Amino acid sequence: MIEDISVDFFGSDSDDFSCDIMIEGLPGVGQVGKLAAEHMMEELGAEKIAEIRSIFFPPQVLVDAAGVAHLPKNEIYRYADEKVRIMFLVGDFQSGSAEGHYILTDTYLDIAEKLGIKRIYTLGGYGVGHLIQDIRVIAAVNDEKLKEEVTNSGAVFAQDEPGGGIIGASGLLLGLGAKRGMEGICLMGETSGYIVDPKSSNCLLAVLSKMLGISIDSAKLQERASEMEVFLERLKTMEQMKTEDELSYIG
Amino acid sequence: MIEDISVDFFGSDSDDFSCDIMIEGLPGVGQVGKLAAEHMMEELGAEKIAEIRSIFFPPQVLVDAAGVAHLPKNEIYRYADEKVRIMFLVGDFQSGSAEGHYILTDTYLDIAEKLGIKRIYTLGGYGVGHLIQDIRVIAAVNDEKLKEEVTNSGAVFAQDEPGGGIIGASGLLLGLGAKRGMEGICLMGETSGYIVDPKSSNCLLAVLSKMLGISIDSAKLQERASEMEVFLERLKTMEQMKTEDELSYIG
Amino acid sequence: MIEDISVDFFGSDSDDFSCDIMIEGLPGVGQVGKLAAEHMMEELGAEKIAEIRSIFFPPQVLVDAAGVAHLPKNEIYRYADEKVRIMFLVGDFQSGSAEGHYILTDTYLDIAEKLGIKRIYTLGGYGVGHLIQDIRVIAAVNDEKLKEEVTNSGAVFAQDEPGGGIIGASGLLLGLGAKRGMEGICLMGETSGYIVDPKSSNCLLAVLSKMLGISIDSAKLQERASEMEVFLERLKTMEQMKTEDELSYIG
Amino acid sequence: MIEDISVDFFGSDSDDFSCDIMIEGLPGVGQVGKLAAEHMMEELGAEKIAEIRSIFFPPQVLVDAAGVAHLPKNEIYRYADEKVRIMFLVGDFQSGSAEGHYILTDTYLDIAEKLGIKRIYTLGGYGVGHLIQDIRVIAAVNDEKLKEEVTNSGAVFAQDEPGGGIIGASGLLLGLGAKRGMEGICLMGETSGYIVDPKSSNCLLAVLSKMLGISIDSAKLQERASEMEVFLERLKTMEQMKTEDELSYIG
């Protein structure tokens, strides 16, 4: 009988996987959280320590560039130096069902507890429905005492934002984490919600680096953001040319 | 493993939580029942005695005005004086799934039975699809012998209303409550269904107060209703101005 | 903990509830099967012997003409004389979920087996998408040897009808019944699919009476069919008048 | 209590059902995989050895040309000669729910393991959204070492195709099969996605025959493909005539 969720750890039993903080960057609005977490993992050279599979993920395989099919999975990476010990939660999908979100998040927290996590950062995008210039990083916490630290790092608490709450793992990790005594901070980069948004991820990363007291080279992420800007400019020009063309027919 | 539903009682085991009647005001059409129950709780000074969390609630957290995230929860409050001992059921959400409605309602009734509830009032709105002046309070009961008492308090039994039955906890508490020997009365304030409707809640509260034989100061609720009236008037004026503008283009 | 399905039998253990045939008339297209089964029960004076409730029914209560709320339920009635012993399955709803259909039908068959059922008739409507004059009764069986008997009674086996199969309890009782060694015959009265169709029910009943070798007074059902005809004629006249009005504006 | 999935094997315990490879051709885009697998079974004279039924299939029966109703089922066929021993998985439906896909595929693999399967071929269509002349057979594998063999047989690995992954049993058999040490190759014939496409099935079969080193007479499948071509030509001619008619009104 297939398990609802399976967690496979790599390495031997004697490996020390203990961590202090967890950073979640699963897929979501504008892939803002996912890009930020994956960029950070890459820059730090984090190592994969576990894989999570579940019947709550969509019923399909993903095919990589080489034509090899893989079951959807979420992954746990780890990075440790003298200053920080971080567990990363990244992956292919969030749950496809409402109940699955609760059950998967509970499993993520089982892993976090096993590794000794004391604080969780969840990263995401905050869709505003239009293109924006000055990107704010909106925050929410699961304990009021965390607010000062968050504000000092450049994130803001905005009245009535996010109005509809925080949906999925980014929200439930704060809510269910609090019941296990873990501090939780959700950082959401503002984004249009229409495109993959590395620029918003970059703003998110600036706040997160400051909070963690570590510096992350953001060159690659800025490069992706620049490419996206060029792409958006072209799109705007094309739109404009199309409109002028239509007008010339009329005029 | 996360529980489907968790119920956490506050206080010590020696606390006397026994009640005689239960009043349900969960979210629904026009928030009519929710506003009425919450206003009553506030005026009476009811105290929270338990919280209910469930994987049948939407998979998200709610963020309060201070930026603190909370798991969705329903709550049990209690008020007792020499005349009445009331258990209130209020909260953030109803179930997101059909089966969840049955399972959650069964849990609400477990709590009610534990507290000794003999009668349940469920409060809701009855959406009619247009703005109304004279708001009726429509009733349904789970035992025919309750009808006279209900009619004497000003609620009405309207032929073929509600035609589609009563959906969610307000309905199932009557149906499943009957199987446990509890009297059940559902009171539904007529409402357009388009807006949050404190005016309808106020009408509901008038009937309920009379049935319970207690007086509730409805000043605050009337104030909210007045504010909503002003807001609606402005909306109508704006609509009218817009129509006149359009006509002036034509005329 | 609430059961997924509960079956409550009335009467004492010494009651003889044994039957030979089962007739299912749950809600469906045009309520054709439901009307036929309920009319037959009424004419024969069948008696209720059991009620079925389930979390697979929609999460609501139904309110009767007197304002009394009832949990949705399906019901088992029984009629027996020297010639026939019939178990009827009628009620408020079919399952709201796919899996629920299988699980509920399995429960219906548990009851049928307990009562000694050897043959099942399932009654339904066959929606054709337009008003029809000559109503055929389309049949399907779960054993080829039953076809001659069915054809002799006036029902027809129509190539490629029903093309999409038979959905819900009417179909699954045949399929799952076969695995328990029960004969199964599904009779479907043609109907537009737009209205409640007592005329189609009447045709269905004519075939069923002949198969069972009992006569059922169909006066009441014919009366309802006539009323519906009058209603449809009026509707047509109104449509025609409206069209003529529109034409007079143009001409 | 009805089982979620039931598997019924035919024959006696002493029967040797062992196989080396499995071919899956369940319903999907253009029925490309289904037609290919069923044609191959017929030409080889494969024999049915097991049937699978499940509450995850749609809640209905299918009615055959003779008017006999059958529960939806998937079927296991077997063919063996001196060169090959093949298990076929074909049938009426895939799962109706996301979780059901995982659980059913797990059952398919239990059967495969029992029969000794070492390699799985899953067959399907790859919908491109327009009619095509030169049909490619797109491939995906669950182990990179299988690619050369696949390419040598005429299938292609196309960058970013299929972009959205492979949904349903064709995908999950590769993903979950890998965890059991079985080789997996998915072959997808390009197809418009609008019609049942025997021509695409025929291309699929050519690749598969070559990989298996057996020759399959494809005359019948080509005949069906020709009939479909004639049908499509007629459709195009009718469309053209209709357009010319409309133009003659204007000109």
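By letter and in written order, the chains are A, B, C and D; residue numbering begins at 1 in each of them.
We adopt the following convention: a residue touches a chain if its C-beta (ideal position, glycine included) is under 8 Å from a C-beta of that chain, and two chains touch if they have at least 3 such contacts.
To keep track of the chains, here are their UniProt names: A, B, C, D = Proteasome assembly chaperone family protein.
What you see is a predicted model, and the numbers here were worked out from it, not measured in a lab.
A.B. asks: Interface overlap for chain A and chain B, more than half of numbers shared or less than half: same or different?
C.D. replies: different
A.B. asks: Quick one: which chain's Cα centre is the longest way from chain B's?
C.D. replies: Relative to chain B, the chain with the farthest C-alpha centre is D.
A.B. asks: Quick check: how many Å separate the C-alpha centres of chain B and chain D?
C.D. replies: Going by mean C-alpha positions, chain B sits 53 Å from chain D.
A.B. asks: Take the average of all CA coordinates in chain B, do the same for chain C, and state the distance between these two points in whole angstrom.
C.D. replies: 37
A.B. asks: Multi-chain contacts only, two chains or more: what residues does chain A have there?
C.D. replies: none
A.B. asks: Every pair of chains that touch: which are they?
C.D. replies: Chains touch in the following pairs: A-B, A-D, B-C, C-D.
A.B. asks: Given the complex with chain B, which residues does chain A contribute to the contact?
C.D. replies: 95, 98-103, 106, 139-144, 147, 157, 159-160, 162, 164-168, 171-172, 174-176, 178-179, 184, 186
A.B. asks: In the complex of these two chains, what residues of chain C are touching chain B?
C.D. replies: Interface residues on chain C, with respect to chain B: 1-2, 55-56, 58-63, 65-71, 96-97.
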